[in-house]
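Step one of this worksheet: look at the structure below.
Chain naming follows the written order as A, B and C, and within any one chain the residues start at number 1.
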Amino acid sequence: MSSDNITVHHGEEINNSTGVSNKKLLMWAFLGSDVMFFGTFIGTFMAYRNKSLNGPYPADTLDIPITTVSTFVLLMSSLGIVLALHYLKESRMGLAKLWLFAVIIMGLIFMGFQVYEFAHFAHIGMTPQVNLFGTTFFTLTSLHGAHVSLGILWLIFLLYNEFNGNLTSDNAVDLEIAGLYWHFVDIVWILIFGLLYLITAGDGVPPGGIPWEGAH
Amino acid sequence: MSTISKPKQFGLPRLFPRPMSHYGIWSWVGTVDHKKIGTMYGIVSFFWFIMGGIEALLIRLQLSHAEANIIDPELYNQLFTMHGTTMVFLVVMPLSAAFFNWLIPLQIGARDVAFPRLNALSLWVFVFGSLLMNISWFTGGAPNGGWFGYPPNSTIQFNPGNGMTYWVMGLNVLGVASIAAGLNFIVTIINMRAPGMSFMKMPVFTWMTFITSILIVLALPILGVAGIQMTADRVYGTNFFNSEAGGDPIFWQHIFWLFGHPEVYILILPAMGIVSEILPTFSRKPLFGYSFIIFSGAGIGFMGWFVWSHHMFTVGLGPAANTAFTISTMFIAVPTGVKIFNWMATLWGGSIRLTTAMLFSIGFIAMFTIGGLSGVTHAVSPSDAQQQDTYYIVAHFHYVLFGGAIFAIFAGMFFWWPKFFGYFLSERLGKLSFILMMIGFNLQFAPMHWLGLNGMPRRIYTYADNMGWELSNLAATIGGFTIAIAVASFIVNVIYSMRNKKLAPGDPWDGRTLEWSISSPPPHYNFAKLPEVSHIDDWWYKKYPSLLEGSPKGDLTPKVKVEDTSKVNESDIHLPDLSYYPLFIGIGLSLAALGVMYTYALVTIGLILVFWGSIGWSTEPVNEPGQDHH
Amino acid sequence: MKSVIRTGIIFALLLFAMACSPDSPQSTFGTHGPVAELQKNLFLFTFWIAVVVFIIVEGGIIYLTFKYRKKDNKLPVQTHGNLKLEITWTIIPAIIIVIIAVPTVLAIWETQVMPNEEESLVVEATGHQWWFEFKYPTEEVVTANELHLPEDTDVIVKITSQDVLHSFWIPKIAGKLDMVPNHENLLYIKADDPGLYYGQCAEFCGIVHAMMRFRVIVHTQEDYQQWLNDMRTPPAKLVSGSDEDEGRKLFVGNCSMCHTYDSYKKGAYTKEIDSQYNRWEEWKKDKENSAIVSAPNLTHFGERVTLGAGIKENNYDNLVKWIENPDKIKLGTRMKNHASIYRDDNQLSTEQIEQIAKYLLSMKPSTESSATYNK
């Protein structure tokens, strides 16, 4: 979404009651909306925790060390986008491009981990259809993955604009709002990592559940 | 301002030339003008209003007498499902959106909304989403699981076939439209107000739009989650609501009503805003207790989040939960009551002109009060155990949503029609519509109170003849057809008034807010010179500055006239050019949603359209370079 | 305008008066139990408060509208508000709400806290698409679509569903409670007077929702014991070669896979629980074509008041029509869609249908035998 403002009256008579740009406000409001979205999905996951009737259960599947690595990569990318914005604002375009590129790569690495994890789970017989854990785990993590993927596409678009000179310190706000989005997706992942992985990882067979006998 | 970027060199190769004309079909299809978008919202949702009305009439026909055999139970289930879904998502919400679109920029003194193309996107996503949901009638059966879609009856296990999948995919698509519109109006109202218009100087309708938009933005994602979960269950075989795999049907009810109750206020707050504009205008005195009305509106919006389980009093949540939700539900009556008393006090001591708009507004207060009072009776959860899922509930929410929202929307149409289109609707025919609607409405829905108390459950397609329900049902059916005549008289009114135009001046009702300070219909740039605001009802005090020093003595003549635009040099005013990308993204989204049910080929085509549209959109300059814009 | 509203109000009150007529079978005003009585009184309490508010507000609106009609071109006094007044009409509704809330909360705890299970009669009610199953676990009795209760006894109904949501509702005895799969909801009821009462499913449950009803028969204590005894007594022996006996053979051959008919036997109670479970599992395997579905227990069907889950009076003519084509009476039943007797290659003759009907009506406890078991 580029300049979509109706504030072009020879640069005068600009309606801007708060001083914050429309786009940035839009992003904040959207993030508020997205909080409800992820909140409800995380709520679903917690409500259905330990309610699966059959395996595989979290203790049979989750691999904390691997996910810790991908979480670290995603966290670092948040730092990267801060630097990318900083250098863009200072018009140090070389560093700005480098850091933005690094963020994109880190995002891709994170997605690579997720693809690997999903493939591994599918291989050992954990699918979205197999039980409530699979259902809630896959929907939440894949929707988060979809957010990350959209973010990557967006950042690639911005990087392209940096290269052809359309994104400069004048309109650094375009990168700033992408950064807001990226940080938000990051924070959501920290929640997911805490709740879906760290807290849940020890969950074995719930009362009334059938123990898992491994992949067939 | 940093967001104004210079025209970009990069751009997608265009498949079609950018529409530039301000006349003809492309000027509508490609429009980003809030006024045209508002008109299209109005036309499309009025079409669905008629469709939803026909569905209701068929339902009433089947229930007119005991053991009737006019409609079979399967079709009956589809009719009441689609009637509810249509009236909520395709009628009241988008009709309110039509008013948001038309009025918000005019009321806050802006040339357009903050994101005109996003606004067009909301419209087209809504249009194609509504079509998506309704083509299910022709593809093997419309949704038949109720507008509330309670599992397990709505799961693939008990409801094979595509009907409910259409329903849930349609809601997903419509949710995108609503959220986009909500975001747009939040930003518009926060950031686009005319100089001097602080929040506490905003018109009440703008305030209610603001609160509604916040509710939309926060509540619709919850419906989105429910929709994604049900889609995943129905299409991909996941287990969210599959009771055989441990999924909990009650969980759906919690998230559906966690969305559903704020949704109720999404439907009614704009109506309250409309009425709060009309009552002062035709009483010729300010709204009584502006800040009380605003804060009670905000209070309703806030408390609306803590009452959802009153839809679930008979689910078996236990006495503790029932107590909590009983009390929270009862207390939401307080801010609602405050509004009603404030509206009455606005009438008090006024100089009341009973125009059609005023009649519908007064009708709104009268009918909404009944709905509110019956609401209190079933906030009493022990006696609600007798009323839940009976016609008593049907009576209650029709008093709130028809007697409330629809009456206010009709009031708004009669009030702002001259502003929107430059000519009056016939007052004579309008009063006829009002009387017919008042009679028909009460004849239809008042008997439903005792039908419910007499033990008639909802959603039954037939009933035995010894139940004592026949007379009331017959009355309700007659009332339903009376409403149909009332709506028909409104359509006749529109056609008649369009042919025999009685032209309207800029300020026909002696209005109070900024939209009346410009000509009717407004020029496409709205305000030649953006207004400066110093009071609530700023236009009123610009006309009658002496009122600021105290109450008037004798007759007052307006001190200012409606903005004269004959000398405006339009080339000085730049508005964004048309864009067809929102249309294609709208089509793409609905195609992708349709494809989820049939073939991934369609999903791919849809997503390509969305992707192409997004890239095209974000690289297209607001104004086409090298063009004379007007 | 004035006359419209006035007529409307009079009309509304008139029609409300009609609703107060407690004679309709499902009127919530014709109460015959303490729970429904309490709910009715609570409703009326709220209702009369609402009527007072209604008269003040609606009367006020009409009065103000006519009193302050435009008379001249003078601007009226421009009042912007009155803080005291507004605070008053914020507080008054709040007080009214508190007045309503106190008895409401008391009633919630009074009706939703269960009495001691040991001293109460426990009945299990299970919803099926589209009929009700009633089990008496301590009595080891099972029946369908007809709930028998003793008068003046605390009853705890344990409510659940096998398939989709349903709702258990006997308007004259107590408010409803939903039947939810995987959940057991408890409803306290008590019936004051012997008699026949109507019940109906109140939660949308699919195509036959409108036709999912049941009857409640409240007995005196003595009659109730007799009924329990009857439910454990075998029917009279049929004369070999009679229509009834031929009907019995046809029934056993064609219908007994889904309909249990001999729960009067000792040990039949636990067997029936297994059978219903197995039928359900069988149906789930192939919902389109399964020849086995969950079906009401027909033990002593000849004693039942209605057929088709409270739809028609249980008599010979209706029963023949029902067996010929259930869809003509109750469109969408599982019986019509799944039972083998409606397949083209396996249809029964009219005579055979009549024999089955005669057999079903003969299913009554024998006056000569005694109960097969006692609890």
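Basically, contacts are C-beta pairs under 8 Å (C-beta built on N, C-alpha and C of every residue); 3 or more make two chains touch, one makes a residue touch a chain.
Note that this is a predicted model, so its numbers are computed, not measured.
Taken as a graph of touching chains, this assembly forms an open line, each chain in contact only with its neighbours along the path.
In this assembly, the chain whose C-alpha centre lies farthest from chain C is A. In terms of their C-alpha centroids, the spacing between chain A and chain B amounts to 33 Å. Distance between chain B and chain C, defined via averaged C-alpha coordinates, is recorded as 37 Å.
Taking the mean of the C-alpha atoms as each chain's centre, chain A and chain C sit 50 Å apart.
Touching two or more other chains at once are residues 246, 248 of chain B. In chain A, there is no position where the chain touches two or more neighbouring chains simultaneously. In chain C, no residue touches at least two other chains. Across the interface of their complex, chain B is touched by residues 1-10, 13-18, 20-23, 25-26, 29-30, 32-34, 36-37, 40-41, 43-44, 47-48, 51-53, 128-129, 131-132, 134-136, 138-139, 143, 157, 160-161, 164, 166, 170-174 of chain A. Residues of chain B touching chain C in their complex: 72-74, 77, 144-146, 150-153, 157-160, 243-244, 246, 248-250, 283-286, 288-292, 314-316, 318-319, 322-323, 326-327, 330-331, 333-334, 337-338, 340-342, 344-345, 347-354, 359, 362, 365-366, 369-370, 373-374, 376-377, 379-390, 435, 438-439, 442, 446-447, 449-450, 453-464, 466-469, 471-472, 475, 544, 547, 551-552, 554-556. Only residues 1, 4-5, 8, 11-12, 15-16, 18-19, 21, 23-29, 36, 38-40, 42-43, 46-47, 50, 53-54, 57-58, 60-61, 64-65, 68-82, 85-86, 89-90, 93-94, 97, 100-101, 104-105, 107-109, 111-113, 129, 159, 163-165, 167, 169, 171, 174-178, 180-183, 185-186, 198, 200-211, 284, 287, 311, 331-332 of chain C touch chain B when the two sit together in their complex.
Against chain A, in their complex, chain B makes its touches with residues 1-5, 8-10, 109-118, 179, 182-184, 186-187, 190-195, 197, 217-222, 224-226, 228-229, 232, 236-240, 245-248, 251, 255, 258, 530, 572-576, 615, 617-623.
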